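Below, chain A partners chain B and then partners chain C, in two separate complexes.
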Partner chain A sequence: MARLEVKSEVTGTVWKIEKSVGDSVAEFDDIMILESMKMEIPAPSPADGKVVEILVEEGVAVEEGQVLAIVES
Partner chain B sequence: MFKKVLIANRGVVAVRLSRTFRKLGIPYVVVYSEADADHPYVKEADEARPVGPAPARESYLNRALMVEIAKETGCDGVHPGYGFMAEDPIFAQMVEDAGIRFIGPSASHIEAMGNKVKARELMAGADVPVLPASGPVGEEVSDFSAYIDKIGLPMLIKAAAGGGGIGMQRIFEADKLAGTIDKTRQLAARAFGDGTVYLERYLQEPRHIEFQMIGDGKGNVRNIFERDCSIQRRHQKVIEESPAPSIDAEVVGKMSDILVNALAGWNYDSLGTVEMLLDHDSNLYFLETNTRLQVEHGVTEAVTGLDLVEAQLGIAAGKTLDQVLPTDISTSGHAIELRIYAEDPVKFFPSTGTLNTFSVPDVSGVMTETHLAEGGVVTPHYDPMLALVIAKGETRDDAIARSIAALEDFAVEGVKTNIPFLLNMLRADVFRDVRHHTTLAEQFSKTAA
Partner chain C sequence: MSDAPETKSAAEERLEELKNRRAWAEELGGADAVERHHARGRLTIRERIGHLIDKGSFHEVGKLTGNGKYDENNEVTGVTPAPYVMGLAEIDGRPIAVGGEDFTVRGGTSWGARRRKGGQGGFVEDLAHEYRIPLVNLIDGAGGTVTSLKSRGHSVFPGIFGFERSVELLGEVPVVAAVMGTAAGGPAGRAILSHFSIMVEGTSQVFAAGPPVVKRSLGQEIDKDDLGGVQVAVETSGTIHNAAKDEDDAFRQIRQFLSYMPQNVWELPPRGATDDPVDRCEEGLRKIIPEKRTRAYDMRKLIEMVVDRDSMFEIQPGYGKAVIVTMARLNGYPVGVIANNPMIYGGAMDAKAARKQIHFMELCDNFHIPVIFLVDVPGFMVGLAAEKEGALREGMRAVYTAGKMRVPTFTLVIRKCYGMAGMATCNKNGVDMKVAWPSAEWGSLPIEGGVAAAFRREIEAAEDPAAKEKEIEAELRPFASPFRTAEAFEVEDIIDPIETRPFFCKFVELAYARLKHSLGPQSRAGVQP
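What follows is the complex of A and B.
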């Protein structure tokens, strides 16, 4: 089992969290959607697995490279 | 003319508008959110007023506060620019109700054109060609053969209650139609609580051609040539030009007449742009109408020598079209506008940061408009536009050469920009040979990734 980090590709805010802790996810499934410069930027799962941690809340500001969630694969 | 005007906007368009106000000697007021206080145009304005915290809905979209600032500063006109509240009929009406001119069309025009279904019906009723479409298809309908005959393939299935491309599906083969409609209905029912869909003809690789219109509200309407804005990413334009290259003059002339008649019939009363799609058989189809100054108005100004903002102000002040425009308007040369965005040039993801280097091009025939300077901060709060570069040449090839020289001379460090993408596009044979279309930019991005 590997713990994989889901990182933000942009500086912006968390718009919508699509998955919860415990959810099974496939690679490229969106765990959350970020918003930056009026664009929606998805934060997809890096692999098939299970969401074990969500580290942000909807509406908070995030930095590029910040870890948003952990997926166990 | 106006005594004082409020610019209810920010960024590049605030700079653009202030240029005309200065030329005409009209005092102007700018507003700034907490994120925009340090921009040079805010400091250089005749007056500047804070409009709230960084998020747009608490600042640049705050209708009541914007009207209050206009009243407090003694403005008799409000210019909404483009974006934010430029196409908000409620804001336009609130400004007018406060006894201040909204420098744009009447709220009723904004509303009519803002409703996509209503706008399409109005246009079709005025002999403007629209793409064949079904109208709403309820969940009880199960036989779609009539639609295939009426609309033709390929077609687009859209959720009637949707927007922004959500739930949109393309159909190329008749036997896929029923299954895909089912899927779209389920998706639409889940997302919007309404499974109604509608079907529309899908044009493959069309060009985006738009007509610059202007009316004075006294029944006079003119068309000031056309623009080609086919290079788009994420449905946003990145390269625009005027005149549209290699296009049938007769097709353009006929459409111009139809549009002038249509807008005159509605007594259209400001600047406006009718956007259309051009298929491979030289047919133009209505897309939408923008009831405002367009970002790319500068290419029309570059080839005609007009100041469209000045004409728009004159009309808002009650003048007729004859008083704000010369009788004969012609074009000379060719102009290209490049939108410089703070974003990854391949994935088009936004990029934020501090501009450690920001040096605009110094190339003959090239104008750059920007709200930024070295040391400026690009925040995630607003659109990613850093600057507009407009290159004018004697021919299209000359304008392309100047565009390339300008981009090579534009030094930006601290954020990623789309300049490498723009250079690739300007150098590509498919663009130079006028074989470009609205999906070309996304195809480029895929090849580069």
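What follows is the complex of A and C.
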């Protein structure tokens, strides 16, 4: 079991969190949607696995490179 | 014959000496030095060349070069080889010149002799120049050393053994540089004077000067990997294009890069084999663009559905991520694909993305590789950080470079194409085509925001300003339809997304037929902004 970090590619805000801790996810499934430059930018799961941590809340600002969630694969 | 003396003839002795001298060259810096080198997880220069090229294709040049040791009778007892191994070889059956420093001999420092095998102004570059074949530099050297000051009797003026040939080669033949160890100073500079550069995660570092010089100059204590490892040199500064997982991955990437390249600017890029049908029309292309125009999507998946299967080779994937630049093939013909990445700030062009796109456009233009733009760009990146890093100037350099390109280009607008960043995604030379998907939208700026700025007074005077803004937007939106632009013949066509691959295959074939008549080196005039 590897713990994989889901990182933000952009500086922006968390718009909508689509998965909860404990949810199973497939690779490329959107875990949350960020908002930046008036665009909705998905943060997808890097692999098939399970969401074990969500580290942000809806509405908060995030930095480029910030870890948003952890997926166990 | 039985009474012939047992002694060897002079001819036999000379042949034996040749054999010995070749064997000494194979020993590199000696068994101990080779073992230490291996223990650091690194291959020797001879192993590196062997892993890179077609098996058995190495024809070494200058194998006997080195410092001979002689006994009191002037009989040679050994030779310490010159710290550079080079020669001719083949990759996929095509000739190349290849060379690299031998770290096991004095750490691969510059060879003190007048005539050089490699490095700045080395003979390996003459081979590439004279035979008009690609050059692969496997760099693993510390460059100049003050230890040669005494033996030489004077210090070397910078540029006496300069980069003239290295610079000249960039307009003639593909030049690949692989930083295999720690490269500082001259070798680091030589790595950058290339069309494609690569370094190995964990074992390669590249910088103007290493930690000891940094400490003395600035008082900064920093580890060499923190100063010039992949994280800095590839992901942050873009000094080196690609990172490799290990040495063999670096060789694999070099072979793949060269597979798209012509041997030189006087020849066409080689058509590769493909069993991917030209008329493969992926239904997925109709679904990849989200209905909601503010929703990002995966541009790499889109590219994969269009180009020949498994033909993508991305350059600088970790740098300037707002744009994706990748080599690919269409019906076997090499093409360069430049695609905006909506997942990174909506694809807005920042300084790094502009730099990456400029290099790639020049590369394709120089080697007559047709360029395909897949456009979804809202404009230049905005905000204080972008202004400070010079996104506007770098972006305009991209516009300038796009305008100077002479290789055929094909522009397909996927979604947004706005403003000056939009101009950097096409040129209007001769055969160059601009087409669009029905999802396209364009203009000097988007209607949203554009309306707020242009109709400010009208909106402010309204009873319900927000409603007024919406009303004007709704009034203008029908005029933004791409079909209206097609009516005016400002785009050549609008295509169904599933027609994308057959469309490109057709035009790339025509582009190659035309390119036959316009090969040769580029003349460069003008001043980049």
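The criterion applied here is as follows: the second predicted complex is superposed on the first by the 73 of 73 C-alpha atoms of A that agree within 3 Å, B and C clash if a C-alpha of one lies under 4 Å from a C-alpha of the other, contacts with A are read in each partner's own complex, and residues count from 1 in each chain.
Keep this in mind: a residue touches a chain if its C-beta (ideal position, glycine included) is under 8 Å from a C-beta of that chain, and two chains touch if they have at least 3 such contacts.
Computed from a predicted model, the values in this text were never measured in an experiment.
Trainee: Go through the superposed model and pick first if A:58 touches only chain B, second if only chain C, both, or neither.
Mentor: Touch status of A:58: no partner.
Trainee: State whether A:42 touches chain B only (first), chain C only (second), both chains, or neither.
Mentor: In the superposed model, A:42 contacts chain C only, not chain B.
Trainee: Mind working out whether A:28 is in touch with chain B, chain C, both or neither, as first, second, both or neither?
Mentor: second
Trainee: Thinking of the overlay built on chain A, is A:13 touched by chain B (first), by chain C (second), by both, or by neither?
Mentor: It touches chain B, and chain C stays clear.
Trainee: Counting contacts the way the document defines them, which residues of chain A are shared by the two interfaces, the one with chain B and the one with chain C?
Mentor: 9-10, 36-39, 41.
Trainee: Chain A touches which residues of chain B in the complex?
Mentor: Contact set of chain B toward chain A: 234, 342-343, 347, 349-352, 380-384.
Trainee: Quick check: in the complex, which residue numbers of chain A touch chain C?
Mentor: Touching chain C from chain A are residues 9-10, 28, 36-42.
Trainee: Applying the document's contact rule, which stretches of chain A touch chain B when the two form their complex?
Mentor: 9-13, 35-39, 41, 61, 64
Trainee: Per the contact definition, I'd like the list of chain C residues that touch chain A in the complex.
Mentor: Touch residues, chain C against chain A: 292, 294-296, 298, 321, 342-346, 348, 378, 382, 448.
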